[in-house]
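There are structures below to look over.
Each of the next two complexes has chain A plus one other chain: chain B in the first, chain C in the second.
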Partner chain A sequence: MKLEHGHIYIKDIVLGDKTQVEGGVLTVDAQALIAHLKEDNKVKNVKVDLARPGEEIRIIPVKDVIEPRVKVIGEGNGFPGVTSKIAQMGEGKVHILSGVAIVTIGDIVGFQEGVIDMWGEGAKWTPFSKTLNIVVDIEPVEGLDPHVHERTVRFAGLRAAEFIGFAGKDVEPDEVLVYEIGTQVEETAKYPDLPRVAYVEMLISQGLLHDGYIYGVNSQQILPTLLHPNEELDNAVISGNCVAACDKITTYQHQNNAVILDLYKEHGKTINFIGVILTPELTTLEGKFRTCDYTAKLCVNLGADAVIISEEGYGNPDSDLVMICKRCEQKGIKTVLITDECSGWDGMSQPLTDMAEEAVAVISTGNVSHVVELTAAKKVLGVAEAIYTLAGGWEGCIAEDGSMKCELNAVIGSTSEIGYHNCTVELY
Partner chain B sequence: MKIVYYVNQFFGQIGGEEKAGTPPQYVDKAVGPAGGFQTLIKDEAQVVGTIICGDNYFNEHKEVALKEILAMVKDSGADLFVAGPAFNAGRYGMACAQVSAAVQKELEIPALTGMYEENPGLEEARSEAYVIKTGDSAGTMRKALPLMAALGLKLLKKVAPGLPSEDGYFAQGRRVTVFSDKRGSVRAVEMLLKRLAEEPFVTELPMPVFDNVPPAQAIADLSKATIALVTSGGIVPLGNPDRIQSASAQKWGKYDISGKKALKGDFYTIHGGYDPVYANAYADRVAPLDVLYELKEEGIIGDVYPYFYTTTGTGTSVASSVAFGKEIGKELKEAGVSGVLLTST
Partner chain C sequence: MHILLTNNSRLAEEAGAKMVSGSFRDVLLAARDYVYVGHALITHPLFASAGMMFSPIRSILISEEKTKDSIHAEMIANAISDYDKMISLRGTDEKNRKDYERIDEELYRVALEEHQRFNLGG
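Let's look at the complex of A and B:
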């Protein structure tokens, strides 16, 4: 498969009469975007705001972050199986409004949405303080069943990304990055001596607000499945999650999966990158055994010499993480795990809820309970008090002067377990 | 700034084993290693006194000795407490460790000691006080004291200590979130390449060690047993009156359910880790008071304990969970509850 990412580097975003890119500036026609989203009769109201890096803006509660793109060559514009008809993804050319993100906020169904601060201390903790954010506040019509409410908001975000992404269709990209990996037979012939490396990406699959989707299929309903890395880099995987904000994999992070991109850099040089295995994190014991056995079996059958395994969330998926590790290591496959920790406010608690002695190589992306102090924002997009019920917040965590304390739990992408951010833990 | 020092009878120059029964005494000058420590920190602070205590006295009268020593430290108005180093001396190590930990914990005065890695005192002190790594005998005093002095000055000046490897102390077990110059995925790929090349690498998260809880005895006669309902599923009265967190709980709640046949209608979930829709519709799906009540009606169990205990399990640290469990368990034990139906999500 060969996929080209044509990056159109966006330097600024402004509101205007026409959604277009000129001289690196993206103009957003907010009215047209709102009208587009309201074509869904379950969407009652939409507000559109902009938030740029450095502006004293707090965005809360954030549901998802999505990169605006358009497919210019090859099939499957948008998010096939979700917002557009099904298509085989991973080939062709995509134009990306690079540096721009759609950030969806809105009335909360669950408790696990997040915060983005665009400036100061808070900005250090989230990768999405560095993007030019188009903040879309979605209010669905009253009386929706919670599951429909959630789907409505999720779809609206994806459709907003499609709508904005279309502005890049006829713009010449500033840089084109090519992602090409052939069949197993071809790559093995080319690199017979390079170690074969797979990537196991675990996806939360635990019901409303807690599911990842692959081509529109809820990962809860799948056996672990093999993807070409290009498929994920081409909108095949989306977030349906409102798990703790710190380590949920937003759609943007699937589109730009850091492990896939960094393994790609080594492909053909030090490794033969043989594929991505998406593994659901199920809640039942039988489910865990089935998926962990199956994942290890796929790694064995692919002839993997080594795998990187990334978790999504924490708590019971810690078991899946170490179970997959154990099974792979016992088959002679070397593993590196990526996880975050729940070490408590003081960092003195046991960091994981399960362990395996085979887990000798682990990347820690931070303690989700690390408490940060964020100064008062000049402007809040959304509802500041949402922090009281979010995972990582608590009643009264906003002081009178508007400053706020919260755990990293509440900060989007702060402890990304696909290694999208740069937090780690040192033992003191 | 003032420093108070602690040594045993030997380093306190009172005598050897024959003086090991000496009770604690306060000398208002630097004695033994305290003198060396004073020389190293020059005039940045003053060792105002040395507490000398026999090793046997401390270990045989621990409670009394600790009380006496803590009073001496408090009276001295010290800004820093230093003990030892104890090297691999077991009784001296236990004394240095326990006094340092108590000074730090109870008086909130920074406490520093030093010992060899196999000293049994290490585990008593390391999570509270700073313990400098030393050799196994007093022959390594010349290496140990400069490290202790350097870290002592940092503590006096309220400068955050560096990494254990930088400042020469045993890790306290505090996992601190910091920024790396590389994102996590890059670090993962680099670690993988090292593993493949069979080069040395350092894991960022050594596997934790788990404790084991022995199961309680079986209940001989359920029909006479009072059963309590406890959950980590975040089921709380509507409105969440105690504001229990939706993740990373810092507290638990206790609610009167006497006379209730089910939680449905009056309770819902604030747990952030699962689909709340079905639990909100019928809270007994998570904490089944309804079924427990039926069992009582049928005479299968004796009674349902009239209070329901709850917290949120998701993201809650193991240390907090252990503390909650001990607190709740104590109440239930004292109330004569025979068994607990403990549900998780």
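Let's look at the complex of A and C:
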């Protein structure tokens, strides 16, 4: 498969009468976007705001973040199986409004977390403080079942990304990056001596607000499945998860999966990247045993010498992570795990709920319990009261000047378990 | 058949429900007591995100039948220790209790369906 990402680097976003890109500036016709989203009769009201890096704006509670794109060559514009008819993704050419993100907000349940601060201390912890954000606040009609409410907001975000992405259709990209990997037979013939490396990406697959979708199929319903890496880089995987703010994989992060991009860089040099296995994180133990056995079997059948495994979430998925590791290692496949830690405020507690002696190469993407101090915002987009949820049960976390303390838990993408975030490691 | 240990009043009428009076932690302790005499965990004791640790509500499915597999005892012990670590500083979020009840019910129904779909009919 060959996929081209044509990056149109956007320097600024403004509101105007026509949605277009000119001289690196994206103009957004907010009224047209709102009218487009309100074509869904479940959407009652939509508010559109802009949030730029450095502005004293807090966005909360964030549901999803999506990159606006348009397919210019090949089939499958948008999100096939979700917002458009099904198509084989991973081939052709996409124009990307690079540096821009659609951020959807709106509370489905009262305890939703997910904050993006565009300035100050909070901005350091989320990658989405660096994007030019088109913030879409979606209010559905009254009386919707929570599932329909969630789906309405999810679809509205994806449709907004399609709408805005279309502005890049006839714009010459500033840079074109090519992603091409052939069949297993072809690549192995080219690189017979390189180690064969697969990527296992785990997805929370447990019910309302805890789901991921592949070509529109809820990952709860699948056995682990093999994708060409280009499919994920081409809108085949989307997020339906909005409770694990720090380590949920937003749709934007799927579209730009950092593990896939890094493995691509090494393909043909140090490794032979043989594919992506998407693995559901189920709730039942039998379900977990089945998916972990099945994942290891896929790795064996692919002839993998090594596997990178990334987790989504914290708690019961730790067991899946460790079980996949154990099963692969016992079959002679080397593993590297990517996960965040829940190590307490001082960082000294046991980081995961499960462990195994086979897990000898583990990359930590940060401590979700680390406490950060957020100063008072000049402007809040979303539900200002949600700030108090971040403080749930935590006495004295809000100071008189409006500044507050919160755990990284609450900050979108702060401890991304696919490494699409700002934390790094310092040797000392 | 299964046993549903829960402090979620929305599930009081469910098949196999045994209401636990108390907190999320009390549900974990009730599950531990069953597991330590040989019952198996059908669902993992913890949710899938750190945020849900602050829920005051939890439902756990365990088997009526007994097992000799030690993984269940290890898992419930780890879950309790992890829960204690998470909750010790921040406390539960009582303000959104009703929403947690709703989500816990949704997640329970998915788990039950998963259990029944892949096993012996629950």
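Convention: the second predicted complex is superposed on the first by the 409 of 428 C-alpha atoms of A that agree within 3 Å, B and C clash if a C-alpha of one lies under 4 Å from a C-alpha of the other, contacts with A are read in each partner's own complex, and residues count from 1 in each chain.
FYI, a contact is a pair of C-beta atoms (placed from the backbone, for glycine too) under 8 Å apart; a residue touches a chain by one contact, two chains touch by 3 or more.
Treat the numbers as computed from the prediction; the structure is a model and nothing was measured.
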Identify whether chain B and chain C fit side by side or clash on chain A in the overlaid structures. clash
Can A:197 be said to touch chain B (first), chain C (second), both, or neither? first
Quick check for you: in the superposed arrangement, does A:121 touch first (chain B), second (chain C), both or neither? neither
Touching A:424 in the superposition: chain B (first), chain C (second), both, neither? first
Going by the contact rule stated at the top, is it chain B or chain C that touches a larger number of residues on chain A? B
When the two structures are overlaid on chain A, which partner does A:17 contact: first (chain B), second (chain C), both, or neither? neither
Once the shared chain is lined up, is A:373 touching chain B (first), chain C (second), both, or neither of them? neither
With the two structures laid over each other on chain A, which partner does A:339 touch: chain B (first), chain C (second), both, or neither? first
Quick check on the superposed pair: does A:290 touch chain B, chain C, both, or neither? Answer first, second, both or neither. second
First (chain B), second (chain C), both or neither touched by A:261: first
On the A-aligned overlay, A:353 touches which partner chain: chain B = first, chain C = second, or both, or neither? both
Taking the options 4-12, 40-48, 310-318 or 328-336, which segment of chain B carries the C-alpha atoms that clash with chain C in the overlay? 310-318
Which chain A residues contact chain B in one complex and chain C in the other? 109-111, 146-147, 206-210, 243-244, 283, 313-315, 342, 344-345, 349-350, 353, 368-369, 388-389, 392-394, 407, 409
Given the complex, residues on chain B that touch chain A span 127, 161, 163-164, 171-189, 191-193, 195-196, 201, 203-208, 210, 243, 245-248, 250, 270-277, 313-320
Can you list the residues on chain A that touch chain C in the complex? 109-111, 113, 146-147, 204, 206-210, 220, 243-248, 281-288, 290, 313-317, 319, 342, 344-345, 349-350, 353-354, 368-369, 388-389, 392-394, 407, 409-410
With touch defined as at the start, can you tell me which chain C residues reach chain A in the complex? 40-55, 61, 71-72, 75, 78-79, 81-82, 85-86, 89-96, 98-100, 102-103, 106-107, 109-111, 114-115, 118-119
So in the complex, which bits of chain A are touching chain B? 109-112, 124, 146-147, 195, 197, 206-210, 243-244, 258-259, 261-263, 265-266, 270-271, 283, 305-306, 308, 310, 313-315, 334, 336, 338-339, 341-353, 355-357, 359-370, 388-396, 407-409, 415-428
